[in-house]
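As written, the chains take the letters A, B, C and D, and residue 1 is the first residue of each chain.
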Amino acid sequence: MIIKDVVCPFCGCLCDDLDVEVDGQTIIKVQNGCTLAEAALTGNNRLPAPIRRTATGWEEISFDDAIRETADILLAADRPLLYGWSSTHGEAQSIGVHIAELLGAVIDNTSTVCHGPSILAIQEVGHPGCTLGQVKNRADVVVYWGCNPTEAHPRHMSRYTTFATGFFVPEAQKDRTVIVVDTRRTESAEIADEFIQIERGRDYEVLAALRAIVRGKGSILPREIAGIAREQLFRVAEICMKAKFGAIFFGLGLTMSSGKYKNVRNAIELTDELNRHTKFTISPLRGHGNVYGSNEVFTWITGYPYAVDFARGIAFYNPGETTAVDILRRGECDAALIVASDPGAHFPHAAAAHLAKIPTILIDPHRTATTPLCRLQMPCTMAGIDAEGTAYRMDGVPIRYKKFLESSYPDDADILKRIHDRIREVQGS
Amino acid sequence: MRVILETKQRKKPFLPIEAETIIPRNFLKGPALTVFEGNKERLLSDLFWIFVEGTAVSPDKVEVILKGDTARIKRVGEYMDTGTIRIQGDIGMHCGNFMSGGVIEISGNADAWLGREMLGGSIICYGNAGHYCASGYRGEKHGMKGGRVEVMGDAGDFCAEYLTGGEVHIHGSCGDMAGVEMKGGQLIIEGDATRPCGNMKDGTCMIFGTVHHMLPTFEKIDTKKLPDRDGTVVVYKGDVANRGKGILMIKKPLVGETIS
Amino acid sequence: MRAVLNTGRNVPQGVAVEHKGSPDYRAAVSVCHMNPVDLMELGSNEGGHVALMSRAGSVVLTTRVAEGMNRGEVFVPLGPYANRIISAETHATGMPDFKGEPVDVVPTDEPVMTIGELMESIGGVWYDH
Amino acid sequence: MTELLVKNACVIDPLNKILMEIMDIPVRDGRIVESVSAGADVIDARGCLTLPGGIDSHSHVCGTKVNFGRYMSPEDMRAGRTARRGKMHVTSGYYVPTTYGNSYRYSAMGYTTVLEGAMAPLEARHTHEEFTATPHQDMLANTLFDGNWAIMEAVRAKDIKKAAAIVAWTLSAVKGYSIKLTNPGGTEAWGWGQDLSSIHDMVPNFNVTPAEIITTMIAANELLGLPHSVHLHCNNLGKPGNYRTTLQTFDLVPDTNNGRQTLYATHVQFHAYGGTTWRDISSKADDIARAVNAKPQIVMDMGQIMFGRTMTMTADGPMEFNLYCLHHNKWSNHDVELETGSGIIPVLYSKKSLVNCVMWAIGLELALLTKNPYQCLLETDNPNGAPFVKYPEIIGLLMSKRYRDEECATLNGGTEQRTALSALDREMDWNEIAIMTRAGQAKALGIDAQGKGHFRTGAEADIAIYPIRCRDVDPTTEYRKVIEGFQKTMYTIKRGRVVARDGDVIVEGANSTFWVNPVVPDDLNVASDPEFVKKFEEYYTVRMGNYPVQDVYLPRGKCIRTEAAL
């Protein structure tokens, strides 16, 4: 049986045109998806039951025991950390925020090690963006800055930009000028019309130089900036100013390099300047399937997209103080609940090591690098396969994951709801 | 009146303490104040040995002294308007934020956001200051508006971000992007700095150490001799990527490196 | 050899990221992509092991030649191996220095640790079912 | 079976012609009934002013644009923080509060129904998710059609039936309530960074004019028999001299519906500017009000601004960019493919600015010059003009000439010559205020038939009891009491359940969402029109199958079926 228009839960592209062939409860074939989609949908070696660490190793326990123990651990903590949330659906995320509110905990999602700095920049200068269809139908200049879509978002170019035919762009490759800016000649750079090789960590200067050129102040610039000849910058600025619709996409090359969110801020201000000449938009290439969803859910409940600290009863936000890596590095949290993410693999070890020192609970279907660090893990459904719910694409468009497999595992929203109710019951509120 | 607060041993020493109630004015009514340890409210006496010497009629006569393991005590001196706080060790984040008067002296190091959004008064830190020293809050258009912050040691990244008024004097070196988004006030850095004063709109910044990766969007307008400083400084106007009207004076521009 | 570390996603890492216990995840993320000339000057060859040392720690990886790679730079896919040499300092922005970390690259014939060993070195207890 | 009796309430119920009568209101199972048994709970209103639950007919509270306003301003979130207390969750934000913040503050002011001012169909799912997180108000969603490609092609082909069929499919797919046009055609021109300067300009590449879009959509709206009329945000918002565009637009509006208006013009204050530049901007409220007084088929709302900080957020992308060029504050923009756009920028309305003072005066003039209060409703286009928590102050201004004069004295000196506010001494009475804050909205939105905005038997028991004794308070002088009275209800009752008492919400809410399913004959169902489906699949980046909002997003959805006269 073939299920049509399945939504891929893996990356921020949230491609929703996959056709999945299913026989009983096993997936046989995935069509239209990229290699990452196939891997995400077909893998299926989940934990059979919740496991708890013992003095000598691990033991399997029931969901009831696991849930009660989780609630007791979190209630006993003075500064619990709730981290992750990006690979699950909106319903589970909002219960997570309510749990954090009840406990006076710190809650953070994976933006903190991905596009958190982009959010900081947006909070300083705004975000002149658009949905991906606007780029697909109109963009004649596409800039990829500090990102490698062929590796991280394989179908981005074919569904939305370089190779996508649009209403006003009938022949994509002829009508679109693609500019790639990166520190090395990546696969994406191969197909670019213009490749700018930039010295590592100097994006801020180059973006400042481009802004000066667009403002007509290019004359004061030195001959070469961050390894790029001034002439190339003038040429690129000219291409952008002459575009009918320009779109900048940026990735972790800007958010992770030195300067962090100030690089993104400069890119946004460049877009603002270009908007005085023509139509220009800028959008981050969000990594996880539903990380933008966790930002949206956190924002409409607490007011802040990530790194929210309820310790004082109100919602307090200050990346660098209330972000997961900092709290773990300082050893501030005395209990942790990790949901739908893998800090064991993706956090610096000095931060991840703290998870092993405190009672950590992990809710994740697979055995991950966080499993050894945690004291208790509960497997659950996988959003987009055997659980449905809302996910937000990298441009903010909400799409609903499809559930096309029955599952014996509980939905993580149900697990979290039972934890939430248990906490409320113990608190007597 | 002098109030000495000495930290007690804590079961969980790594939990941060939020102590915005520790300001001289509050001790006029006696030391029965509360602070937060993680998400739990504690009496001041739970976490500190409290010694009170003498009395005071007005808050400006109150001197608070913090001793012991104070590195994780945050928001000390918030909204302080008068009096003195002396911290003998290190101090946690947000020390002296929104301060409008009085004096804070820190013998050890200060954590991030020292003197955030200050309006007046003065802070002197003999050790090093963390990141965002004398800066603003996320999304705000103005950082420090007045008063004086002096750091004898080094300061971290984003020092004096969004500086709008007042004076920041760093005797050591600064990390990356000191004085970024500056729009007023005065920032003096005796030591080195990297990519200072990005997007500077106004105010003056003087750097007497070495500037690394000078931003290309500053226009050299002058070289001059400062009265109380030997040697000459190069004067730049910027940041022209913005409508820059700020003044950036640099002592030793590294030939080649600063230009590129 | 002194080099600058760059980390990030790539397709092999993305394909295996949902199955961390599998050998191909380990193969995908315990690799150090290098410029061929750098590798040759190190006196090592593709498939040989190198130790990367930074202010945060050190890790042994398998080398692989990458065409577009600049000299003096190495690329390690994001994962537990890369995170062993990335410091938790975030410059008060919440984001660690995943890119731009200076490292020393030294050829070695130490074995590449398994993910279990990596995690147990920071206090974990491996679980295999 | 739950029963409630509200005793000796001083009721004003304009739709029932009840004016300050002391009476009891019997309620059973959430509905107003003839009488209740002795066992009913009793609330003694102690002769205080009792009105039907407040209805906000144009407010930006839920959806992608609003959440983006929160997302990008932590400094505003910090300014409005409240802790978790009793049944109330944490809230943050002053001019763009979080969903719980909106819900509690509306409830404290006695508001029980809110229409979300603009919902892009492609992002409707987000709006509905936030509806469920705004638990104490029944919600409706204005659905944006101003830049819809399929609609513009139908307009070019002068095919009203086709336009109606597209509206029918879209509204039932995204669970929307009514047609919203924001700067019609202009948002499509903004796709190329341009804008339209008159309602007769051609939209690039689609060669239709805003005038044609407006007339076709009004015709389609009436053809489908939708409960609400077209909800229009005129072209040229915020541009000096734009009152001509507004008057031309009003002239397009036929009087073809005797049940209700055929055009709801929203936040008309922003569209009533004379002069040619910011320097010589002046009030044209009298021209606009004269046009509305002459056209019963038009209802407008004030779009009042109040001084202080706020956030402008509207689907009118080009206008927000022009504001950005003026204010140099953070600017956000979010075009939605094939449908509409949006823009966000924080602003400060200051008494020192002559322009802001003129804007402030225009809003009040519009209300005072419109004879029939049903035709000029009290709104601030929350949060564009001001956060809705400032409604009571506007009530005070409308009821007291003295308060207006005191405020005018503190304004920029030049305001006198540019506006006629000080010459108007009309003072609204309690009944007119009740019309402008609930009865007028109920009629304009067509939800009086759903039991909203009045106390007739069978109506929904949404009751707001304010701590004001109308007979003991002279609003013309004691306006402070009026303002305080309207800020916090003694009781806010929603569907027969006490939701808020003295400003505190005391229950977990369970709101419902009203949406419209316009039934059209099968041959007009666009879902089975191969041309429509082909274009959809080709130019949207979302599959047509994944576009509709699933029923799970409306746990307590209330569907209103309308029969199209086709």
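Simple rule for what comes next: a residue touches a chain if its C-beta (ideal position, glycine included) is under 8 Å from a C-beta of that chain, and two chains touch if they have at least 3 such contacts.
All of these numbers come straight from a predicted model, not from anything done at the bench.
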Inset, instruction - State the pair with the higher C-beta contact count; candidates are B-D and A-D. - result: A-D
Inset, instruction - Return the distance between the CA-based centres of chain B and chain D, expressed in whole Å. - result: 46
Inset, instruction - Using mean C-alpha positions as chain centres, tell me how far chain B is from chain C in Å, no decimals. - result: 38
Legend entry - For chain A paired with chain C, centre-to-centre distance based on mean C-alpha positions, whole Å: 22
Inset, instruction - Can you tell me which residues of chain B touch two or more of the remaining chains? - result: 112-113, 131-132, 137-139, 176
Inset, instruction - Would you mind listing the residues of chain D that make contact with two or more other chains? - result: 72-74, 78, 330
Legend entry - Residue numbers of chain C (touch at least two other chains): 91-92
Legend entry - Set of all touching chain pairs, with the criterion as stated earlier: A-B, A-C, A-D, B-C, B-D
Legend entry - Contacting residues of chain A [partner chain C, same complex]: 10-11, 35-36, 38-40, 43, 45, 47-48, 51, 53, 57-58, 112-113, 116-117, 120, 148, 151-152, 154, 183-187, 189, 200-201, 252-253, 255-258, 260-261, 287, 307, 319-321, 323-326, 328-329, 342, 344-353, 356-357, 366-369, 371-373
Inset, instruction - Enumerate the contact residues on chain B facing chain D in the complex. - result: 137-141
Legend entry - chain B - residues contacting chain A, complex: 12, 14-16, 18, 36-40, 72, 93, 112-113, 131-132, 137-139, 176-177, 180-181, 195, 198-199, 213, 215-219, 239-242, 259-260
Inset, instruction - Would you mind writing out the residues of chain D in touch with chain A in their complex? - result: 62, 64, 67-68, 70-74, 77-78, 81-84, 89-93, 97-101, 122-123, 125-126, 129-130, 133, 149, 190-193, 205, 321, 324-325, 330-338, 341, 344-345, 538-543, 545-546, 550
Legend entry - chain B residues touching chain C - in the complex, by the definition given at the top: 112-113, 130-132, 156-158, 175-176
